[in-house]
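Order of writing sets the labels: A, B, C and D. Residues in every chain begin at 1.
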């Protein structure tokens, strides 16, 4: 068996999901006829406190669909520096929606609301209109954003009639870490995107949520983007189990992440980024002089452990449904052996 | 039970597909780790005679991904008049790829190759470059395009170094009607898109096929468009059955279509468009003076028969896996009753 | 001296224009401070019967700015087949505005309004919204469109709340040919684009006209497209003379075109397209077997006559301010000599 | 007479420019026939040390044309924070070119080359390709970038085969401030944009420069963007004088800027941003508690002095051809009066 720490996207559908998928009643969702998709969308809307939901093929799809639906060609979209939309969505917003992305800093205690306020564009022939603000919680960096900070940002946005989209790919992780309900986070924006295929273990899919009017418009844009699926109830069946049975399980991943962080610190040269250890992601540095990236990746693979290479000089290990505390012990022992062999 | 003639997209996954989906080994396909997706892509490439294949969420996604991957911003894309890309993909090519669509006529005996040749843009500062030609076979109109005509178009395109994309949403229907192998049709272009969720009954998905180089580039553009799925092997498992077990079944749909056409002609005022009766789609007219569209749609629905309203003054009935010849008899008797009641 | 029949864009500014340009009071038009630009825009608005006008760098700029300002990303724009926007603007609408172009036929007696009505998109998830209809008068083909036909199209568009843009690059030529006021043509749409640098002889520029609200929005989009000029009053000064002194002169060009057509028919193998001889453009065919395109172009150039090569098998000779009836005699004699030498 | 400190774009064409414009030989530049445009492009290419040049309607046009010509749809373009392309071009790059903008910090001593290096995108399915890096010199902030810093950035870019575009709207101001030739700055990139209508006093236009191959491609894209002008030699004639006679005059503007800075500091609450006082732009703060923005703007206007409101809390006064040192004295006395009246 492989221990896969690259991401929580690697999670496998659970046995009960497989049964549900095999038995799901389905219909053609482009016609609105799939009962299982409809059930999932209804369930998600209730759970996240939004009027309506829309099943989409991926998290990137959900974020980009939100951008396309909120904005007009030529708008400026404000996003946090280093967020997924800017860094890991292949530059899609400019291609698909013709919008300019500009970044605001997100600090350890959240977004500087005053600075953000200064970034909103006034009425000037040289300026694009500010069409959307995006917040991410939990952030790609592993940190959460305090609810009060999100509230302050949303208040600012509403005062200027600028919509807010929340990238809540790991909203349930964020809610757990912050000790709030997911719907309290979702309430801080006009739309929110939620992933089913990460910690929740569904094989495929995300949900975009918002008002009925917004989701109606998004449904058409989803078709434009090629995301109108047919008998998608197969996937939705697993999503329903994800939302109803798997949310409470995320606590394990968070505990395992803290355990992994502690054990990594047993390795002298490992420096864990403790200030970003909020959810199921452990970021740390390990100098190339101690062990090179390629040696570590290849060495662990020989021990049946898959990790990603560094990004911006940091390793990221992600705990997930397929990783137990015993697995973590195995990873640490393997790393110790490798480090001692090469240093 | 509903008899659904709106499209062959309404097909349900078969029992063996449900078993296969429940048991499919899966992995994270964004990392290239899903064995079932990999198996489907390999199988499809062999079957269609292309170097490589890529699983995508829908037919619209596959066509638009092909356009994005073949072209550069500002190119002109030549497509047949009334084709799916122009008429039924929400204007996506302009939004997603920034390309101008221009149409060439497709006549009953195929594309006028000489006229098409005159439409290729020369070197002039006022002209966009011709970046792509799209052919559709079978066409959305129900007609097939002769293989020799496709060969002539491809020869022209190759002589000018212009790539060809084939919208083969119903390529296996076309092959059956033309009495050729699907790969012979696929050979008339640089890329081809094939749907799994229509007559082949898989719940979700299409395949885009082409050279390894093209598919590598398309894989990245698929991520940009939000079509990078995770444990997509669930869906691919059904697709494999579609390609291996369901292709030969299409003959039934074609026979049923001809049977449906014959029986429709029993209704005096029904005029079947016989010259487009090549595959599983029956187009016909029925004057509003005899029975209005809304009356017919609602009246049949009461009899558990779902049909679409007219488009451009024509009704389209599509035979599919869920429609037997007995069902067709029921449809015809219901229509006769309705027509006699209202006229 | 060269006789230049390639286009009426080759016209030179007149001596009085040069004086006016040398003496024009100017200011920074991005700030709205250029009195001469303001005067031109006011004058044009009055002349064409629109609320407001905007000076733009070119006819292509004006048309594309209208498209950008009327539409939203993803709209469908209906244009006449073979119109300038489709054929000679480098595919710009898809790039700049993300809109899909679809063509309606324009016949000798104008647009088939019933067919056009069927092309307007209904409410369907597969359809882009119809965002704009463009008419061209005079057409690039040399023909005018009857005013009554334009009225019928505008009535249709207004009944569906779809805006109309008129490409009036040669609107004064059209008005002359139709025996109406230019403002009567301009009244058949929500916006109109008018060229100053063709028959009117201004060196640079066009005007986009519409409601105040539309022009305000267009002014910002003009900046986005890089068309915010500074001391543009220099050019506007010539434009004012174009509008006030040069419109009546177009009659000469029309007479010369008819004279040229008559004389071309003295050449046996010349076939003038008489049904399109409405304005200052003479289209004709001359078989390659009689004289090849390259021979004709080069041979005339030796005689100081500049012509364009064929497009779609037709030659186009355009009369303009720099072409007198004596010049036409010289052209015909030169052609006769060349044809007799080579045939 | 108005004293206009809003920008150096407000400069008027000089008397010799007006004479030159009145007498310029012109032709249709879309056909390449305008001798004066050709002369200007040749002259500029020599002066800036590039193979070829292209006359464009504005600085925004030139920058956006460079972006369109260097990049492909979906690329990421790296620009300095607070640069003109990001802040003052209406978000055009996303609309016109479909590219994502990402910012690198530009500090007082220039660009952090190491950090910039880390921003170049590697080969990953989540990443857009880095398609272009833009440098600005002089910067919109009033500062220049040291030549050695530009060289280091260009070396990095060349090592990764990434093109560099230089926004040299005020390249001659930068050259003067740095004590180098403008062509030495232009040599630090593959393309450069130079404005004629600012300190150089031409009424309209900029120049985009690069290799012959690049400019050929840009010429076609210029047509797409609507910037193909006809008898543009009228404007080019003024541009020639700008390049040949007005460059040396910029020294006056720089001296006046320093004089203005000194005098502003006589006003107690005025705080001049001395570290950005490199060219003809003086940035300073003046607290709202001392005098409000609207009071200052309106009060100076009554004294025939035009200034812009604050942007990001700063006033910007720009010296230019129409502003003498006596004018500056008048401005300062007027400000003193206003400040004392309201505080």
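Everything that follows uses one rule, which is that contacts are C-beta pairs under 8 Å (C-beta built on N, C-alpha and C of every residue); 3 or more make two chains touch, one makes a residue touch a chain.
Being a predicted model, the structure only gives us computed values, none of them experimental.
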item	value
Counterpart interface for A-B, drawn from A-C, A-D or C-D and sharing over half of its contact pairs	C-D
Result of counting contacting C-beta pairs for B-C and B-D, higher pair	B-C
Subunit B-subunit D separation of Cα centroids, rounded to whole Å	52
Distance from the mean Cα position of subunit D to that of subunit C, given in whole angstrom	34
Centroid distance [mean C-alpha coordinates] between subunit C and subunit B, Å	40
Residues of subunit A engaged with two or more neighbouring chains	30, 73-74, 89-92, 95, 97-98, 125-126, 128, 220, 223-224, 228
Footprint of subunit B on subunit D - complex, ascending	30, 72-74, 97-98, 125-126, 128, 219-221, 223-224, 228
Touching residues (chain side subunit A, partner subunit B) in the complex	6-7, 9-13, 18-19, 21-23, 26-28, 30-31, 33, 56-58, 60-62, 64-65, 89-92, 95-96, 197, 203-204, 220, 223-235, 238
Touching residues (chain side subunit D, partner subunit A) in the complex	73-76, 86-95, 97-103, 118, 125-128, 312-313
